[in-house]
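Before any comments, here is the structure.
Going in written order, the chains are labelled A, B and C, and every chain counts its residues from 1.
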Amino acid sequence: MKDASQTTGSLFEFGSKWDYAPAPEARDWVKIQSRYELFIGGKFVAPHSGRYFPTISPSTEEVLAEVAEADDTDVDAAVAAAEEAQRAWIALRPGERSKYLFRLARAVQERSRELAILESLDGGKPIKESRDVDLPLVCAHLFYHAGWADKLDLAFQGRAYRPLGVAGQIIPWNFPLLMAAWKIAPALACGNAVVLKPAETTSLTALHLARICQEIELPPGLVNIITGAGATGAALASHPRVKKVAFTGSTEVGRRIQAATAGSGKKLTLELGGKAANIVFADAPIDQAIEGIIGAIFFNQGHVCCAGSRLLVEESVAGELIEKLKDRMRTLRVGDPLDKNTDIGAINSEAQLKTIEGLVKSGEEEGAERWSAPCELPGKGFWFSPTIFTGVTSSHRIAREEIFGPVLSVLTFRTADEAVEKANNTMYGLSAGVWTSKGSKSFWMAQRLRAGVVWANTFNKFDPSAPFGGLKESGFGREGGRQGLSAYVEIDG
Amino acid sequence: MNDVSHDAGQRLAVAKTYKFFVGGAFIRPESGRTYPVTTAIDSADAHHVNAPRASRKDLREAVRVAAGAWKGWAERTATNRGQILYRIAEMLEARREELHQQLVRSGSSAGDAKVEIEASIDRCVYYAGFTDKYQSLLASANPTGGPHFVFTLPESMGVVGVVAPEEAPLLGLLSMALPALVGGNVVVVITSECRPLVGLVLGELLATSDVPAGVVNILSGPSAELATELAKHREVAAIHVVADVPQTLIDVERLGAGSIKRVKGEGHVFVERLYTPRGQGLSAIERWIEPKTIWHPVAI
Amino acid sequence: MNANTAVHVPATIIASAPRIDRVMVEERAASFSKRSLKKASKVRGLRLAISMMDLTSLEGKDTAGKVEALCRKALRPLDRDPSVPSCAAVCVYPNLVPVAKRELAGTSVQIASVATAFPSGLSPLSIKLDDVRRAVDFGADEIDMVIDRGAFLSGHYAKVFDEIAATKEASGKAHLKVILETGELGSYDLVRAASDLAIAAGADFIKTSTGKVQPAATPGVVLVMLQAIADHYRKTGIKIGMKPAGGVRHAKQALAYLVMVKETLGDDWLSPHLFRFGASALLNDVLLQLEKDRLGVYHADDDFSRD
């Protein structure tokens, strides 16, 4: 059955009898500066080195702006500004801190569309996602933590706690503004000040957020944004007066940061890679599971640390499921991130595209069977067709390594025990998915899966009230929820 | 001479008829009765002001409307409820002058009025930030052992009757209504009897604060009498009364027993605590929620 | 078919119908309305929607005059623009089929008639079949039958199955649309089971609703039914048609359903042969949008005839 659809295509004709005209989101009203400075002590300042680097749109390779590159001196200035601001911040009544955060949340909410457009331009993700997922979640995280700022006594249940001081925060390029909100909101709510470094390919929304901080008169120095690449991040993480390091990114860099901060007494949280199993039982609601599989791996081009990149299917339904999955993939629309009908946007960078291509090549070489959705890719920019591999075994590189792209590896299992064993057979432990119509089985699986988040009959759901984070080499610490607050305080007892 | 040109000194001010706020609409009392409200100073509005006087029928109607709004309010996401309560804070802040005027008219000093309004706005913000958090503080995963997931979740009760104190007519009312709303309940509020206007004006602000119709209903009238009516009403799940007369509190508790109502009666101490940390908190929310324990098997 | 299979086949169909997860199905169903349809694609979609309409009048007060006007509107929805296509069909009560036949003879517009003791279906089978035969004799090209929901919900699947099969036979050459009245079924699981049952019993089309019960067609229900059709096609190669009815009032909703069809079943179903809208108010809203697009100004309701 699988082979038939491979050679002859689908039984269904997903053609162009009625096609959608281009529906681009207007972007001309969003003002992008030609150059962005560092945001330190509430002001935009030129970098000490005088160096800038370009940021491009990965869908067109158009240079959008140039961005300041922060060096050690800039990092030092940012940390000093944050230290000073933090002292005044903790002197405020908690209710006043709360109101500042609410104000920030509201201002971001008001500017959501502008920020969504920027996010799609600079990062390549479809506007549908930046508009309907990223930005609403950004606002939700700010609102949620605003409400904690004056309720910390309750959150820590009578234990004595105190803020850490300056938090150095290093975030990735897959959810640029959302990760900024995840980092900044709990830090400020708990009485800290932050120095945040966005990823070098996606600095713009964080810098626009800086402008909003200025506009709402957030105390200067409370939020500092320094831009740059790995060296800037390393300087921040190892700065002696940074008391807390929060990092989201690859396991490889996380390992380096953990080693670099060893012995410094800095508090550390790491949210790293993943290779999540998405497990579909024969008794699952299959058509909804298909949607869940699609969302799990193709959301944000698969640039998601908790992506369901390993599909484990009960063997008895594998043939039918794969056929349906391919049909669904034929309807995915790959293209202009700013087109409202785009489902899959551009790969974030040329470097990431090369990584994806390399791992896909290894999958082919190791004997797995590749199928990519037939879609026309734009000539310029970085693109990759939604792809699945069947005939994958647990030893294949594509079953073990994080691809961080729209590539799904399909494995099969026969019993629930075998599903658990295969799902847990990885160095990662960030998330997992389970699809079954039987509630008791969902819970049984959830208990046994070694992952920080388990989704049952859903996937890639995020909410500020629900703690998120990983086990094993997916990192430590949680973000969100009451549990996420402890990453930003020292607790006695 | 132009018709509309006038000398401000000669212009007659337009006086306002105050109305109940029920089901998102402003309505007159069913009985047609009002009662005079003493005002401390002459104002541009009117020298003599009447407040609508609620009857049993008005109360019954307000409870019916509130009960109809309960499900929709409780089923909204916690975040959305928080956004709406925060919107109330925004509207209060934007129209604080009107509230100030009302408080001063009814006897507050300018300074006290300012303090009460600011505390009221901040109280809205405080509870707005609670809608998506009390669950993580009041819920539990229960280690019962055996092959079950057992958790206990807070659920709302339904219609909560609120009889606001005579003093602090704005902050007192909000400090009682907000925690009930946080937990997904709907409220029928009886304002301060002597100082009802600020509570009725609050209804006008709520009407522009995205609060769904029927979630908050505000009446004014003979508080003690209305409190006992609320206590008797079987559709009212819980009642919170602040009254200076101890007998009122005893009556409410006794009558509430008819439907095993959750009753909280407080005297003047409630008002004394309003400006202290004990004037707000988790306990005020917990009072109006019912924990529900769910057992679910864990098995293949 | 012996007595044993007559009972067991329907029961097996119900038992093997896939479970439906409400949350995910509604999430997916809602996603189709997010497609942004501009310019030419919007106009093409709206015209397609008109060509798929079963323009309906099913009221106790229907008269020959009302049905004549309905037929004229179906044939030529917009007098001032003859390029607007005709509707697929008119849908009326059996007694008014002769009127429609007279008005529409020789045109492309089909005549659909509700039958089988519409809308409840709670009459003896013999009466329901008479109802069907009479509608066909009067000239109905299509029969819109209702299932006996009471029988279905009480577990008498064989009765429902047999009645559909008998109605199919009584319909002769007329196409059979089977109304599930999904608003009375209470769960997506049962919507799916009823879809499978109706298809197995001989439905040419499955249809959501009579229009007399709320909720009528909803995106979630329509998606579940389209997936039943997809699964049947995968298994047998036979294409069953789909008709959402009731609750589709706005052009925007119609376009969202077309997106759903396009992305669930593909191009073959983007045709009046396999997809219909059962509607009365929808046509004018679609015309309003088309005229807005053609002339660049918003029109008033009264710019269009009310027939």
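To be clear about the criterion, a residue touches a chain if its C-beta (ideal position, glycine included) is under 8 Å from a C-beta of that chain, and two chains touch if they have at least 3 such contacts.
Given the structure is predicted, the values throughout are model-derived calculations rather than measurements.
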Legend entry - Nearest-to-centre chain - CA centroid comparison: A
Inset, instruction - Report which interface contains more C-beta contacts, comparing A-B against A-C. - result: A-C
Inset, instruction - Quick one: report the Å distance separating chain B from chain C, using the average Cα coordinate of each chain. - result: 49
Legend entry - Inter-centroid spacing, chain B versus chain A (mean Cα positions, whole Å): 41
Legend entry - Centre distance in Å when chain A and chain C are each reduced to the mean of their C-alpha atoms: 43
Inset, instruction - Among the residues of chain A, pick out those that touch two or more other chains and give their numbers. - result: none
Legend entry - Contacting residues of chain A [partner chain C, same complex]: 10-23, 128, 132, 283-288, 291-292, 320, 323, 331, 340-341, 437, 457-458
Legend entry - chain B - residues contacting chain A, complex: 78-79, 82-83, 86, 122, 125-126, 128-133, 135-137, 149, 282, 296-300
Legend entry - chain C residues touching chain A - in the complex, by the definition given at the top: 18-21, 23-25, 27-28, 34-42, 44-45, 48, 227, 230, 233-234, 237, 258, 262-263, 265-268, 270
Inset, instruction - Could you please specify the touching residues of chain A with respect to chain B in the complex? - result: 95, 98-99, 102, 140, 143-144, 146-151, 154-155, 416, 439-441, 443-444, 447, 464-465, 481-482
